[in-house]
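After this come two complexes, each holding chain A, first together with chain B and then together with chain C.
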Partner chain A sequence: MKIIETKNLVKRFNGVYAIDRLSIGIEKGQITGIVGPNGSGKTTLINLLSGVLKIDSGEIVVDGTEKITRILPHQVFFYGITRTFQNVRLFEQMTVLDNILVVITERNIFSSLFEKHIEYHHKIAEEVLQKVGLWKKKNQLAANLSYGQRKLLEIARALAMKAEVYLFDEPFAGLFPEMRKIVSVIVQELKQKNKTVILIEHDIGLIRELCDYIFVMNEGRLLAEGKPESVLERKEIIEAYFGN
Partner chain B sequence: MEYLIHLAILFVIYATLGVSLNLVVGYTGLLSVTHAAFYGIGAYTTAIFLTKSGVGFFSSLVSGIVIVVVISFLVGVVLSKFKGDYYALVTFGFNAIIFAVFLNWQNLTNGSLGVPGISRPELFGINFANNFNFLILALIFFVLVYFASRFIVNSSFGRVLKAIREDETAIAVFGYKTLSFKLVVFIISAAMAAVAGSLFASYITFIDPSSFQLTESMFILAIIILGGLGNLRGSILGALFLILLPEILRFVGFSSDIDAQMRQVVYGIILILLMLYRPQGLIGEYKL
Partner chain C sequence: MGILPQLILNSIIAGAIYTLVALSFNLIYSTTKFFNLAHGVMAAIGGYAVFYFSKTLGLDIHIAIVLGVILTGFVGFGVDKFIYLQLRKRKASNMVLLVASLGVMTALQAIIAILFSSRFKTLSGNIDTQKIFTILGGVITQTQLVILLSAVLIMAGFVIFLYKTQFGKTVRAISDDEEVARIIGINTNKIIGYIFFIGSAVTGFTGILIGFDVGIEPTMGLSLLLKGVIASIVGGVGNIYGGVLGAFLLGFVENFGIWKISGEWKDAIAFALLIVFLIFRPRGIMNK
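Up next, the complex of A and B:
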């Protein structure tokens, strides 16, 4: 079953196509890789799926029924989608713990003033921060974390949302091996829980290891799709990625 | 003693303004330069009701709050379309418009001649014409504003405000209608400024538009930047510093023909030095 589909999706920047009539379908419960050279439109696609950018034309279909031609950032949550960012975007002058708590508390203004589930939210925060090894740093400002820790905190923040679809934009970039292992385990656990992961990644080894299916993009278009072991052997893919 | 009580009342009024503005600027990261407009609307509503309609102080105060809530809602809706420097410029424009209304709506505000003869409150037989009693009244309102603000910033709502300050797009992606949060805190802050305005009008017993110019908004902004953005106690400290500093400088001993100007110069230099060496303010948690 397709949990997210894009149909003839188009996004232009100053007339230049960043996404050019892209039609893809993401299977529920799988780890789907989006690969391609820099500037191929991978992050733009994630930004469109998460409402950060407006769609110029085409549509996104969620769960096979909800057709979306215009999606605002705050609506993404209600479609069960969450994300991380290529360039880490934390709430810098807030503590590690508050970076988690802020995304799991009430969305309604009145309820957020008179929060009732404080203990439950702290439990979720502890669970996800333990998972990424940041619980002991819960009272530190996010701005004071190392680059790798910041990436892990962003992933923990996404996990705390308990979403259905996780959009991870280069989550392994710049991480030490032990941190890469943590992220790798998290991604595989999400799959075991029947969650959907869309993974942008440049490391072909990781793509082969983790992804069930991949889409290869180039210049905003779909170049190929299929199982990683077969797609990544194809000559035109190797040329697009690594040059001649 | 009367002089000290006078300073204390001014300090409490400006601390109320500082605490309320800190909710918008320090906690939500919206550079608003229009607080004096809401302060002025609160003051004029109280002044006009007390001098022309004969209603009591507390009814006029509530009326001022209601009017400010309606106006700040409309202004907030317009402001929701702007961010960053543009946001500050639009608030600047709004303050200019309100000032022009105070100055030119002669029938209502008496223009540049101002509204004289504003009475002091009287409640349960306590006459607040006595300055000490008025100080107690102002303190009661300040404590209410302070604890309401503290409740807000310590709640989950306050945490979302801080996240908006840090990265509005990021927090929106997690399902928060940031425009609503910004609008609500803007209205709450404006309503608190109206309380300060009512107290000011009733205390001074005469108001004119000059008290609510853009420079007044800048002064309130200076209080919270100096005391500390994102820290309510910083607003109190900033108000204390800026209210007392000119008074302290009176005793420096400049010659009488230049002392007023020199006080302004010294005052300016101290502000510049503080911003150079302590940009987050005295006890602030956030830098603009």
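Up next, the complex of A and C:
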């Protein structure tokens, strides 16, 4: 079953197509890789799926029924979609713990005004922070973390949202091997829980290891799709986009 | 009676008023990131609303104050919803928002002047003759005591609101990164609307207190806002404690500055302090 489909999706910047009539379908419960050279439209696609950018034309279908032509960022959460950013974006002036707690905060103004976070919230926060190894740093300001820790905190924040679809934009970039291992385990665990992961990644080894299916993009268009072991064997793709 | 205790008391009272303006200005600025010139005029709206409710309609002064605060909150909320929000949706730059707020300020001031005339008015005629207290040789009025108490309570309220409630975390998230706040499901425009209500209501209340202490006039907001902004910048924009520190520093520098010279120099001294900080410590006392 397709959890997200794009139909003739178009996004232009100053007349130049960043996404050009893209139609792809993401299977539920799988790890789907989006690969392609820099500027091929991978991040733009994620930005469209997460409502950060407005769709110029075409539509996104969520769960086979919900057709969306204008998606507002704060509604993305209610569609069960969450994301991380290529350049880590945290709530810098808040503690590690608050970065997680704010995600599981009551959205109703009156209850949020008069309620504190209770044990239930702290349990979720502890669970995700333990998973990325940041529980001991829970009282530190996010701004004071190292690059790798920041990246892990962003992933923990996404996990705390208990979403159905996780859009990870280069989650492994710049991480030490042990941190890469943590992220890799998280991605596989999400799959085991029947969650959907969309992974933008340049490391072909990781793509082969983790992804069930991949889409290869170039200049905003779909170049190839299929299982990584077959697509990545194709000579023209290796030569054109991975240089080896 | 020595002049020193009185100077200290005056400084503290001025600091308390600036604290209230700095806190509410900071709250709105940190979430919207634009310089809302119309923020000060909310003080005049609060003051004139109480004047209207108590003197024209003859309502009980306490009810008039409550209504005045709520009304000011709604004016702030309305200005955001019908003007600033529409501009933000159209991706207006902060400069456009600043100019729009200048327009809002001018319009609101003009409306107040049309409805109530530009003449200076005082609210204190309606309450019993003010009690006067002597503290360590300095004189302080009942209203001024209320100002001090209000500043302490509202500051404590802000700290609890921002750091102890779930809503406060949401607000801090928006001031850190509004786009990410949206991604995690926060309806930022709605929250900013509430922030305008709260910020404007606090400034409206400040205007009411000033109305009892000194008096009100339609243009009272701008100079008050500028003092609040100086306090914010001196203390560190976006930092609650910085705002309070800046407010009291400004109160003391202003009042001690005119110890030996004419009181007309007060504003010049305040802006000199601002310039000194802008040159030597532009991010304020608290922000590194």
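By our rule, the second predicted complex is superposed on the first by the 240 of 244 C-alpha atoms of A that agree within 3 Å, B and C clash if a C-alpha of one lies under 4 Å from a C-alpha of the other, contacts with A are read in each partner's own complex, and residues count from 1 in each chain.
Just so it is clear, a residue touches a chain if its C-beta (ideal position, glycine included) is under 8 Å from a C-beta of that chain, and two chains touch if they have at least 3 such contacts.
If you're wondering where the values come from, they're calculated on a predicted model, not measured in any experiment.
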item	value
Superposed partners chain B and chain C on chain A - clash or fit	clash
Touched partner set for A:89, first chain B, second chain C, both or neither	both
Chain B versus chain C as contact partner of A:113, first or second or both or neither	both
Touching partner for A:1 - first (chain B), second (chain C), both, neither	neither
Which superposed partner A:76 touches (first chain B, second chain C, both, neither)	both
Contacts of A:105 with chain B and chain C, given as first, second, both or neither	both
On chain A, positions contacted by chain B and by chain C	50-52, 72-74, 76-78, 82-83, 85, 89-94, 98, 101-103, 105-107, 109, 112-115, 157, 161
In the complex, chain C residues that touch chain A	161, 164-167, 169-170, 172-173, 175-177, 179-188, 190-191, 194
Partner chain A, residues of chain B touching it in the complex	151-152, 155-157, 159-160, 162-163, 165-167, 169-178, 180-181, 184, 230, 285-286
Chain A residues touching chain C - in the complex, by the definition given at the top	50-52, 72-74, 76-78, 82-83, 85, 89-94, 98, 101-103, 105-107, 109, 111-117, 157, 161
For the chain A and chain B complex, residues of the former touching the latter	50-52, 72-74, 76-78, 82-83, 85, 89-94, 98, 101-103, 105-107, 109, 112-115, 157, 161
